[in-house]
Amino acid sequence: MQRIGVFVCHCGSNIAATVDVEKVVEIIRQEPGVVHAEDYQYMCSEVGQAKIADAIHEKGLTGIVVCSCSPRMHETTFRKAAERAGLNPYMVEIANIREHCSWIHKDVEEATKKAVILARAAIAKVNLNAPLKPGESRVTKRALIIGGGIAGIQTALDIADAGYEVDIVEKTPSIGGRMSQLDKTFPTLDCSACILTPKMVEASAHEKITIYTYSEVEKVTGFVGDFTVDIRKKARSVDMDKCTGCGVCQEKCPSKKAPSEFNRGLSNRSAIYTPFAQAIPNVPVIDREHCLKFQKGKCGVCAKVCQAGAIDYEQKDEIVTEKYGAIVVATGFDVIKLDNYDEYAYSQSKDVITSLELERIMNAAGPTKGHLERLSDGKAPREMVFIQCVGSRCADDRGKSYCSKICCMYTAKHAMLIRDKYPDVNVTVFYIDVRTPGKNFDEFYRRAVEDFGVNYIKGQVGKVAPQPNGRLLVQASDLLDNRQIKMEADMVVLAAAIEPNPDVRKIATMLTASIDTNNFLTEAHAKLRPVESPTAGVFLSGVCQGPKDIPETVAQAGAAAVKAIGLLAKDKLLTNPCTAHSDELLCNGCSTCANVCPYGAITYEVRQVNDHGIREDRRLAVVNEALCQGCGACTVACPSGAMDLKGFSNRQILAEVDAICQ
Amino acid sequence: MSIETNETFRPKIVAFCCNWCSYAGADLAGSSRLSYPADVKIIRVPCSCRVNPMFILRAFEKGADGVILCGCHPGDCHYSTGNYYARRRMTLLFSMLDYIGVENGRTRVEWVSAAEGVKFSATMNEFVEKIRSLGKNVRLGDLRCRS
Amino acid sequence: MQELIKRAKELLADGTVVRVLGWKAGDLPYNPEPAYFAKDTDFADFVYNGFCGANLSKYMIEASKMEGKTLVFLKPCDTYSFNQLLKEHRVEREKAYIIGVGCKGKLDIEKIKALGIKGIQSISGAELTDEAETLTVQTLYGEKTCAYKDAMLERCHVCKGKEHKIYDELLLTSRDTTDADRFAEVARIEGLSPEEKFAFFQKELGKCIRCNACRNVCPACSCRKCVFDSNKFDSSQKANADSFEEKMFHIIRAFHVAGRCTDCGECSRVCPQGIPLHLFNRKFIKDIDEFYGEYQAGEDVDADAPLTSFTFEDVEPSVVSTRS
Amino acid sequence: MLKIEKEKLPELFAKIAAGQELYLPVNISGQVNFAAWDEEVQVDLTTLKSVKSPKDAFFPQSENLYTCKREGKKITIEPEELKNQSFVVFGMKACDVQGLKVLDQVFLSDPVDTFYAARREHGVIVALACHEPEETCFCKVFGIDCAEPAADVAAWMAGEELFFKPLTEKGEALTKSLEGLLTPAGEAGEQAVEEEKAAIRAIVEKLPYSNLSLEGWNGDALTEKFDSPLWEELYKPCLACGTCTFVCPTCQCYDIKDYNTGHGVQRYRCWDSCMYSDFTMMAHGNNRTSQMQRFRQRFMHKLVYFPANNDGMYSCVGCGRCVEKCPAALNIVKVIKSFQKQGGEK
């Protein structure tokens, strides 16, 4: 029997307002095995933790139950407190009487009763706890960055600068990501390419960084410190080593009808192409779907014109297998599809465009060489309308429930730039709210309104209708003046919501990292561990975690890098001690457990056992504790109950069941 | 069974929640103050695949009126495959319980992600309602445990 | 039967095997027991007839630990069990010389007695070589007869087929005995109301005396120590508190052998209380077939077992309440 | 001697059950076992042997001894009440009655098992002669006359009537309470019973096991039997189940276990079997480490140790249930015969 101390936390009034904490202590004090029980305002505070240590010393406690917030919050805190006082940290159990009790119940009597039962279950469990000691596993000193946008590049640079090998895997033919498509950046109006390109060059030149473009992560196995990843290098059809990047092939390529991804389909590119002039690597790829050689079997112009002999039509996908200690996800975002917003006539009129398309139009390397003109007829617009929150902050399931965060600022930027360059163009912005928290952001917005005369109207646009005269009729309501507006515009720009790159789902599954309902990767803790995934060794960089602008992305990229560096700097990791363990006297050696182990952590060996005097050679399951992650699949597959899980043993769980059902 | 008895009947419900998704979902329900009846008591397990049919039968034996198992959505298991095994095991177990005449609905599996506090709360409300309508578990309980 | 003895003696003589696992005649006409034979003289009691229902596969677990090779006689259905044990590394192929023996259906003495035949002195017609369709029973209360079919074990009426799944050689021919649908009774029960189902199983399981015969005879229940005998789950083994105990035991036992049970029918054959235990196992087999595709344990040693594999599209547990 | 027409038996049972609990052979989904009577049950007096012996009525398969209750850190113990009402067991056979005598030796000698003693005190046994003995019966070997069961009341079924003869005070009292239903048997009745007895005994003579010899099975033979190499062969097919033990009318071993009901801990006892690997398991392991030893124990106990300690009384009564029910077709008769054969060969 353990000597158990129970500590009940008030959590200010978070718990104490609904749970009669003193009463819980009174009742629990009477439980067999409980030799100490007390309550305190904030158990997680220094003072609270000291109370645990004191009780361990004074009462000789061998087991601790803390009735407090979720174990996901402070289990580690209390385990460390117990450890400092000389108790094995795994002799601590948490009864979650906040998230699972006080916060969801209103009736004090009922909540108090439940808190007592949850405490009893924790006591029942801790009675069967055994001291556990973590094992050790090695750390491969190499990081993988999935995604080569500004987030991935920044993370890679920071990790590489700390002296660790980094590989970037980028799906498209070049690194650069969304930022490379932007024209200017707010609030400073720097040229995006001007600040991005040096970073791209730095990354490609960095001796510690290897860049895999036109490549995808195919398979991930292993665990923190020791991931094994298969990377599929898609066939580029161009020999990276031979190509000089002269660009002749692209010029001579007869197939020029492929929509340019870089220009959001607003212009065409050749079948052999680099996405943009500053692409890194400056090595083109052949888009086999549009290549005449691949489609029709005839052509071969590029091969003929290439003086370096770099064209290789026979090239095949290649799988590279590499080991990593840390993985950073930086898969970024895309703009949502506007199929659900037909009222804005995006599919009907070429002059209704998204903000990202406007970026390309405004850009000197864009489809209109930087001239603001209507895509339908090439005429200069006189009247421009911006519609905010298209698919963001949506109450129904037509769009996204969240705020895309960047739209207010880039719209102010667009409006300002247009008014600056084309002062005769009227700009009207329809908005729900203008959100400009951030350094120099509100000033920026006010300049757009006050200095550049952008017309901001609080109200929603109901409909955009193409008119026979080629213009667009915008019907909207002005909520402040409480009036209906009908106006004609030459161009309408939609601030479409952003969403995580759709591929992130596949990647999250491979990494066993959780994602939320909007496909954003989940943080280990929303506030305290925002750049870590709950899956150890996986870190989050950029918009894959949630909408953010460039400075925030770069800041987070650095934070993710620091977390990864913190991991890579270690030679060994302590492994989770809650691993499976096989009782050799009960094991049948039947291999059933190995069949369900996702980590290949179970092997078999023939060994002599002494079964109460009977000595015989038996085939026995052996768990590799460095590989075992403690899921427990094997424990249920094992019919004899030989396989058990430390920290969540059969008897512990059954004791909890019994305590709850009594 | 009359409606009056159901109103006063407070079922005992055990919810096994996987640590990574559903337990976090329950935490989110808590921090979002999304209430559900106090009849539900949660047991934290590393993964839905840790739940042995024996645990479920034991809960019923000792007087539980309903048992629910929550895990990560298929495809999202923290351990990649655990919930797939749990899904097969529970399907067969539930089918067997149905076969021996245990009322359908006393057992349930629901996939709840860490972000689905709303779903967790709604599921628990629904499950408690269902168990209240089914009444006390008499077919799987041990006579000795009746109070 | 003489062919079996002759071949066994040859294999002993040429050193292929050092012992033979077969059946020895009992002291009553219907109770032969599994036995080892090593010397020529041992074979005086060797028997193979309709009452040799015992599945010898499980004995091969122990035989695999012995020095030298054991000749074992396996009926077609027994070979599924042997394969399953092989898959689970519980028997060693190199330690077994398997002679697949023919079968024309095995007899159930309980069925004969249920026909009112008692005081049995001798029975004729139970030999495999016997073409007779009728059993003739001499009793203290006069001569009685019954059709061979009417005295057959339930499992033989739903036989999986008379093909041996693993063997070194075959002896004797078989006769097809299948004349009923293996899942008919399961389907019938599935069609009952919850109240009727509960009443049915309550009555059947109420008879259970927790003697563990079903478990101990079962080739799938090959655990060195059963969970019900260890303190891992503190689930007591011996009490029949006439409440939950037996249900827990039988459901968990069926679950533990789900996907591993070959439906050999030994559990029902040996139950002293005549509980149709196969109805549990067969329910799982039926469900597995329906949910995850047809699977016959012991047919293919390399096949993925249903409970240690999955597909992304597996049915959800809610299928139980939604299917009609 | 008294009698009652068979068709009036339901009335008789109803009348007995009106005053006390009545246990008798009942068919539940195809199997006959002793169970409490009510109007719904299907009484079966023609099946010769119940699957389980009726020892249950005196020594239940599981039985609560006491309950510990806890309030805070205070624990109170509530002993289970002893049987204090009379009850009737109807339809036991001569072998079953002899089985109780074996149990009496164990449970009524010092220290007395109060639970058993209370049941014995309050139990009234109506024993029934074996109408048609079967090939598995060998009670004669133990000197039992199944035509003349000796209990509180002896009964015979002959023709369409059941004959009823009180033999003890308890039997007289029960008979008295059934006045009106039972009528005097008369001379014809006595005659019918005598004929029935003769018929039974004639069959017993012809039973295959009736001439089984127990020669050499006694306390003196302990070492010789214990060390015999035969056990190593005999046990081989044994599956280590408890069927033989649990159907046996004389097996008396039990285990004591605790069960947490959530509102108290029940300490109960339940039948145990020396065939089980965890029988008498202790912290260091088990006394008997192999199935051969466990198998040997059962028969040594019945045929050697028990008679050695109980003036030659065997703890086997020849009911033949183990002969019928062993899944591997092993039984005590085969054991006795094997030793006999070996003795002959010597």
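For the reader, a short list of remarks on this structure follows.
Should a chain be cited, it is by its letter among A, B, C and D, assigned in written order, with residues numbered from 1 in that chain.
In this section, contacts are C-beta pairs under 8 Å (C-beta built on N, C-alpha and C of every residue); 3 or more make two chains touch, one makes a residue touch a chain.
Only a predicted model underlies this, so the values are computations on that prediction, with no experimental measurement involved.
By number of C-beta pairs in contact, B-C leads when B-C and A-C are compared.
Every chain gets a centre from its CA atoms, and the centre nearest the mean of all protein CA atoms is that of B. Here the spacing of subunit B and subunit C, counted between their Cα centres, is 36 Å. A straight line joining the Cα centres of subunit A and subunit C is 55 Å long.
Rounded to whole angstrom units, the spacing between the C-alpha centres of subunit C and subunit D is 30. Centre to centre, using the average C-alpha position, subunit B and subunit D are separated by 46 Å. Counting partner chains per residue, subunit C has residues 225, 227, 233, 241, 307-308 touching two or more of them. Listed for subunit B are residues 53-54, 58, 62-63, 75, 81, 85, 89, 142, 144-145, each touching two or more other chains.
Along subunit D, residues 259, 262-263 each make contact with two or more other chains. Taken pairwise by the contact criterion, the protein chains are fully connected, each one touching every other. Subunit A meets subunit C in the complex at residues 583, 585-592, 595-596, 604, 611, 616, 619, 637, 639-641, 644, 650-651, 654.
Interface residues of subunit B facing subunit C in the complex, by the touch rule stated above, are 53-54, 57-58, 60-61, 74-75, 81, 84-85, 87-105, 107-109, 139-144. Residue ranges of subunit C in contact with subunit B, taken from their complex: 186, 189-190, 192, 194-202, 227, 233, 235, 241-245, 247-248, 251-252, 254-255, 258, 280, 283-284, 287-288, 291-292, 306-308, 310-312, 314-321. Residues 62-63, 142, 144-145, 147 of subunit B are the ones that touch subunit D when the two sit in their complex.
The touching residues of subunit A, counted against subunit B in their complex, run 70-73, 96, 98-101, 103-107, 110-111, 113-114, 117-118, 121, 508-509, 512, 514-517, 522, 534-535, 578, 596, 598, 629-633, 635-637, 645, 648, 650, 653-654, 656-658, 660-662.
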